[in-house]
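As written, the chain order gives the labels A, B, C, D, E and F, with residue 1 at the start of each chain.
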Amino acid sequence: MQARAGGRTDRQLRPLRIAPVPNKFAAGSVLIELGDTRVNCTASVDEGVPFFLRNSSPAQGWLTAEYAMLPASTPNRARRERNFLSGRTQEIQRLIGRSLRAVTDLSKCPDLTITIDCDVLLADGGTRTASITGAYVALRLAVTQLLRRGRLKQDPLHDAVAAVSVGVRGERLLCDLDYREDSGIDLDMNVVMTPSGGIVEIQGTAERAAFRKEQLNAIVDLAADGLQPVFVAQREAVERALA
Amino acid sequence: MQARAGGRTDRQLRPLRIAPVPNKFAAGSVLIELGDTRVNCTASVDEGVPFFLRNSSPAQGWLTAEYAMLPASTPNRARRERNFLSGRTQEIQRLIGRSLRAVTDLSKCPDLTITIDCDVLLADGGTRTASITGAYVALRLAVTQLLRRGRLKQDPLHDAVAAVSVGVRGERLLCDLDYREDSGIDLDMNVVMTPSGGIVEIQGTAERAAFRKEQLNAIVDLAADGLQPVFVAQREAVERALA
Amino acid sequence: MQARAGGRTDRQLRPLRIAPVPNKFAAGSVLIELGDTRVNCTASVDEGVPFFLRNSSPAQGWLTAEYAMLPASTPNRARRERNFLSGRTQEIQRLIGRSLRAVTDLSKCPDLTITIDCDVLLADGGTRTASITGAYVALRLAVTQLLRRGRLKQDPLHDAVAAVSVGVRGERLLCDLDYREDSGIDLDMNVVMTPSGGIVEIQGTAERAAFRKEQLNAIVDLAADGLQPVFVAQREAVERALA
Amino acid sequence: MQARAGGRTDRQLRPLRIAPVPNKFAAGSVLIELGDTRVNCTASVDEGVPFFLRNSSPAQGWLTAEYAMLPASTPNRARRERNFLSGRTQEIQRLIGRSLRAVTDLSKCPDLTITIDCDVLLADGGTRTASITGAYVALRLAVTQLLRRGRLKQDPLHDAVAAVSVGVRGERLLCDLDYREDSGIDLDMNVVMTPSGGIVEIQGTAERAAFRKEQLNAIVDLAADGLQPVFVAQREAVERALA
Amino acid sequence: MQARAGGRTDRQLRPLRIAPVPNKFAAGSVLIELGDTRVNCTASVDEGVPFFLRNSSPAQGWLTAEYAMLPASTPNRARRERNFLSGRTQEIQRLIGRSLRAVTDLSKCPDLTITIDCDVLLADGGTRTASITGAYVALRLAVTQLLRRGRLKQDPLHDAVAAVSVGVRGERLLCDLDYREDSGIDLDMNVVMTPSGGIVEIQGTAERAAFRKEQLNAIVDLAADGLQPVFVAQREAVERALA
Amino acid sequence: MQARAGGRTDRQLRPLRIAPVPNKFAAGSVLIELGDTRVNCTASVDEGVPFFLRNSSPAQGWLTAEYAMLPASTPNRARRERNFLSGRTQEIQRLIGRSLRAVTDLSKCPDLTITIDCDVLLADGGTRTASITGAYVALRLAVTQLLRRGRLKQDPLHDAVAAVSVGVRGERLLCDLDYREDSGIDLDMNVVMTPSGGIVEIQGTAERAAFRKEQLNAIVDLAADGLQPVFVAQREAVERALA
């Protein structure tokens, strides 16, 4: 049985670090590192809402996300998406937005638009899960700042959220795949969860053969376990930034 | 407890009809009707493969999908996506393509590109699941024609595939949501399966609150049950078309 | 002298069928079949007018058309026009719009926008003439519905309109060219007319050599003759749909 | 009965001037002035043909046209078409290209692409007809230069071509409408002809009511008459430029 | 030492001609010819300002420029920039706009937008400098007309502006490079100045080796000298047009 | 006289820091901080050259640059340039590319394309000058790696290059403007130089009134002085990265 890079077990994530980044313009700004994967996550706050929410009653806020890869983040320089967005990019940024909105009560941030930007500095697998995990911290920091400044009256965030990938290769279940592991996998599943084990989003695609319900259950259990230290890291990053 | 339109039970799909459509240019062409939802699915075959598969060894074929909604398919006329593709459209057509490729051995259709087009004539909920179900039949017809003409030596399709949505509203699990049901739902899950209960793709998003593993299992079971008559309808449509 | 496919005479159209299509969202919806050519025509009604008609006095309505070919409608799969519109597409949809506006009094449908969508399911020649013929029926159905609902006070349609192509090959004049006939032609003319023989639009292009006024006259006479059964089919389709 | 601007009769064109413009890069280059309307027409010659003509047998050349309006050519500054082409622009440039190809034998200019550019400096009605008339002169000059340099062996142009508009207002037929006349017209027809009265293209659209075959004939006769001095002006311009 | 085309000295510009062009729609319209380079410059005036100046206090006007090359203006036909603007085009039109705004007090033309269009008919080097020089004359004519009509109360133009290129080749300084000279140059500098020798914009790029401050000074002196007859030509063109 | 932020003199730059950033995919990768301005600069190397350099003799390499601002880098979130590039972006990335090519002998890196990406993490003025300064270091690191790996035989870099802005406000000359200073300035000049005082590019625009040659000279002197510590910082960053 092949060992994993860095000597980690099948159930272990790569080393995780979530660090606040000084940014005098963004309400929340963090750098998340998951192994070699590195994503810059910021939360920007603008007054007003998009046209489709204007005149909604009661007043609503809006929360959306954008995702991009810097050109030098991949083995061969990636072209910037300057003329159109690939399906992959759109799918990922929609996923980030939905995951965050699932823990946010938009009626508690009326007339505000919060935009989360996830810019991948280095892509070694797991950029979408790291983005969600880091995005939550940036959002949490921005919301806390808005509460402290009195711009928000109530906390719109009713839970935390984080994500991890789980892969199946033959009989093995592998937590948090890196880029090299990702290529030889039978099934790659992304699980977005809350600290209490609630599932916010689950996406699994069989690459080679269909998978069975028993595998699905084992995957969800592994994701829930693997995310425990991630939720701790999120809380510590928030505390450090607000200290 | 509110009854469902058409008097169906929570575990029942809407009336399903898959009919071959005469098309002298497309290798496979069907109209799928699921309740009021109506999707035209065709399979076109072109010699050659995209540049990223040229010179691959052994030679590969390619299978991809496109999805679009006709303007009059929605309550308010939908704008044609003539300048860019929305994230929703890209996400759906990527899902259709992945689902079909999961049951296709591309090394058995070397130097061929098969394109599945799903054009929604009327959208009353479930357009992506109906598209997958109808697309498989169009693909099956096209492949059979290629085998009969001797252009393919081996059958690249090793299984069938179909999809259904399952929604959670409070304590109820509802199979195959229509448009009206879809709007008030807590959780909407799309499940793509094979006839033997294998899961090809699963996508679930909590709209309001996270969901639990037990619900996930009940959903998968319901999807598997609900898809049984769908696989029968697929087989009958293929037989009718080839008769 | 070469016989025409289906044994029709030079002055005969291909078999024509105009069938209402159930569509709970579109005010008018028909499928027109002209030989193997098949076009889905719908009329959608939206409140309001484009900005260039706002504040016009007296208040005006607007009527426009869009045209597209489904990918599997042609011998080799046609690419969807998702990034830009070809000149051909724009020319055809402008022609359809002008032809319909010629029989419509826009001051009698104030503050309404009617959009006709013509989607070609199969293209075997004559898609633009079939589109005009089918579009008129969809428009007629939508307008009648608006009158019945009381949303319109007066009927804005003061005449019917339909179209047919006439080709010249050597000494022969051929009515309603199919795709194969179209390729070897010297002159291809599209004539849009009213039941009483009025000409709404005429477009003729010499492919090989200029043509003479005498030919022009013979073409117009043939078009007027050929369109008589078409106007009957339009009336019958309207009656059937409203029955 | 209202007199026409400049005192011309109903059957007269506006003053016409076709002047060669020095251009050391373009093979043919003329400025055409028709009343206040002013169009710069150039013919550029490039070696090679577009991909769809490569490997055609016998070898073919290609001839195409582009049309644009300078921003200051209209009463209110027109936006440059920098992101997409309007349907009107595409329709006009397709018309110019077809009209020229009708008098050109492309097999006599193998492996050459000739591009005609028509740039409107001032638009006072009739820009498309002036463009065709001027474009032919630019093309004639370019082809003669290619023949003289020995790059062409045979003259691919077998005829001349020019165009004029004819309008119907009530009982009057008006030749060569200016911008002000164009707005109040019942029927506007563009006729593209050869010197011997052959019709190359005819396009007529009823703006208000359908028109009848008798009117069509009168229009064609008027166009043929009106174009006689235009063909003379074309010949003189060519002679002057080549002198 | 190689002589320059046309026998001019290193310090001389090419023959310059600025001629008013009749245009009943544009407030100012001139053709500038600098050697073989030929640019059509127009000034269009529209009521209103772009959204970012609305509600500015005190009220402001706006002045902007667009630049384009006609396809036949270059040795090989240039493609029209119909889908996107090249960096070169954007850079040039921004330069023209800035140069003109430097001599314009926008608070003296409140609620007006003046757009300068520079369309290159023939490009033989120096199109950007000729554009600035011609654009100023078009602007001056438009502003004078607005003053005479009473639409402006005060003259917003407080100075004239013109531009010239200076090149360095080895030890030589060459004023106003033509296309052929431009290609073999070590340093190409564009200098935009006022009649009294004020510098409005200076742009210099070392093509091969860095240049020194002493060269910079000699270049500025040469530009100031070379522009003297240009300012005279501008004044004469304005007088001629307003006579 | 108003003091500058951070207590620096008129002739001093803001604190500068150039730090290598670990990136296993990019040949050179640095973060440059100039006061609060922060830019990520990477150099990516690809085999091959763009089509316009293929078959050039002797073989050439290519060096180009791209520039972008992350959304959260500005006071109000900046929109990503996903559909088109603004003129400002194109102008800056062309400037970066030209500045680097001025010190690079492209014939010494045959068949290689080096792309420099400058992504602004925080924009507090001077992003284009910081980009050039940081880009040179990334380029130097990439080239050294290529030399060490033997992929390059000769060093194509014959000099260093860095940039600084100088502003004029009334009588004062201010080195390295921050964002707040930039807005109230009379003249803003960007100077790109080599360590020995050679000028590679100079760009100055009078915002309010033209400037004089004497000011130009004082600006160039100040830039040369101000850049001395910058060249030292570049050298130290290279040494540190290669240690």
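The definition used in the following text is that contacts are C-beta pairs under 8 Å (C-beta built on N, C-alpha and C of every residue); 3 or more make two chains touch, one makes a residue touch a chain.
Note that the coordinates shown come from a computational prediction; the quantities given were computed from them, not determined experimentally.
J.: Looking at the contacts, which chains touch chain A and chain F alike?
T.: none
J.: Just to be sure I understand the contacts, which chains border both chain D and chain A?
T.: Where chain A and chain D might share a partner, there is none at all.
J.: For the two copies chain C and chain E, what rotation in degrees overlays their C-alpha atoms? Round to the nearest 5.
T.: 120
J.: In whole angstrom, what separates the CA-based centres of chain E and chain F?
T.: Chain E and chain F have C-alpha centres separated by 28 Å.
J.: What is the distance in Å between the mean C-alpha positions of chain B and chain F?
T.: Taking the mean C-alpha position of each chain, the two centres sit 51 Å apart.
J.: By residue number and range, which residues of chain A touch two or more other chains?
T.: 83-85
J.: Mapping chain-to-chain touches, which pattern fits: line, ring, star, complete or other?
T.: Topology of touching chains reads as a ring, each chain with two neighbours.
J.: Give the chain order around the ring, anchored at chain B and oriented so that chain C comes second.
T.: B, C, D, E, F, A
J.: Of all residues in chain D, which touch chain C in the complex?
T.: Those in contact with chain C are residues 84-88, 90-91, 93-94, 98, 102, 159, 193-194, 196-213, 216-217, 220-221.
J.: Quick one: which bits of chain A touch chain F in the complex? Just the residue numbers, please.
T.: 21, 23-26, 29, 36, 40, 42-44, 46, 66, 68, 70-77, 80-85, 115, 117, 119, 121-122, 124
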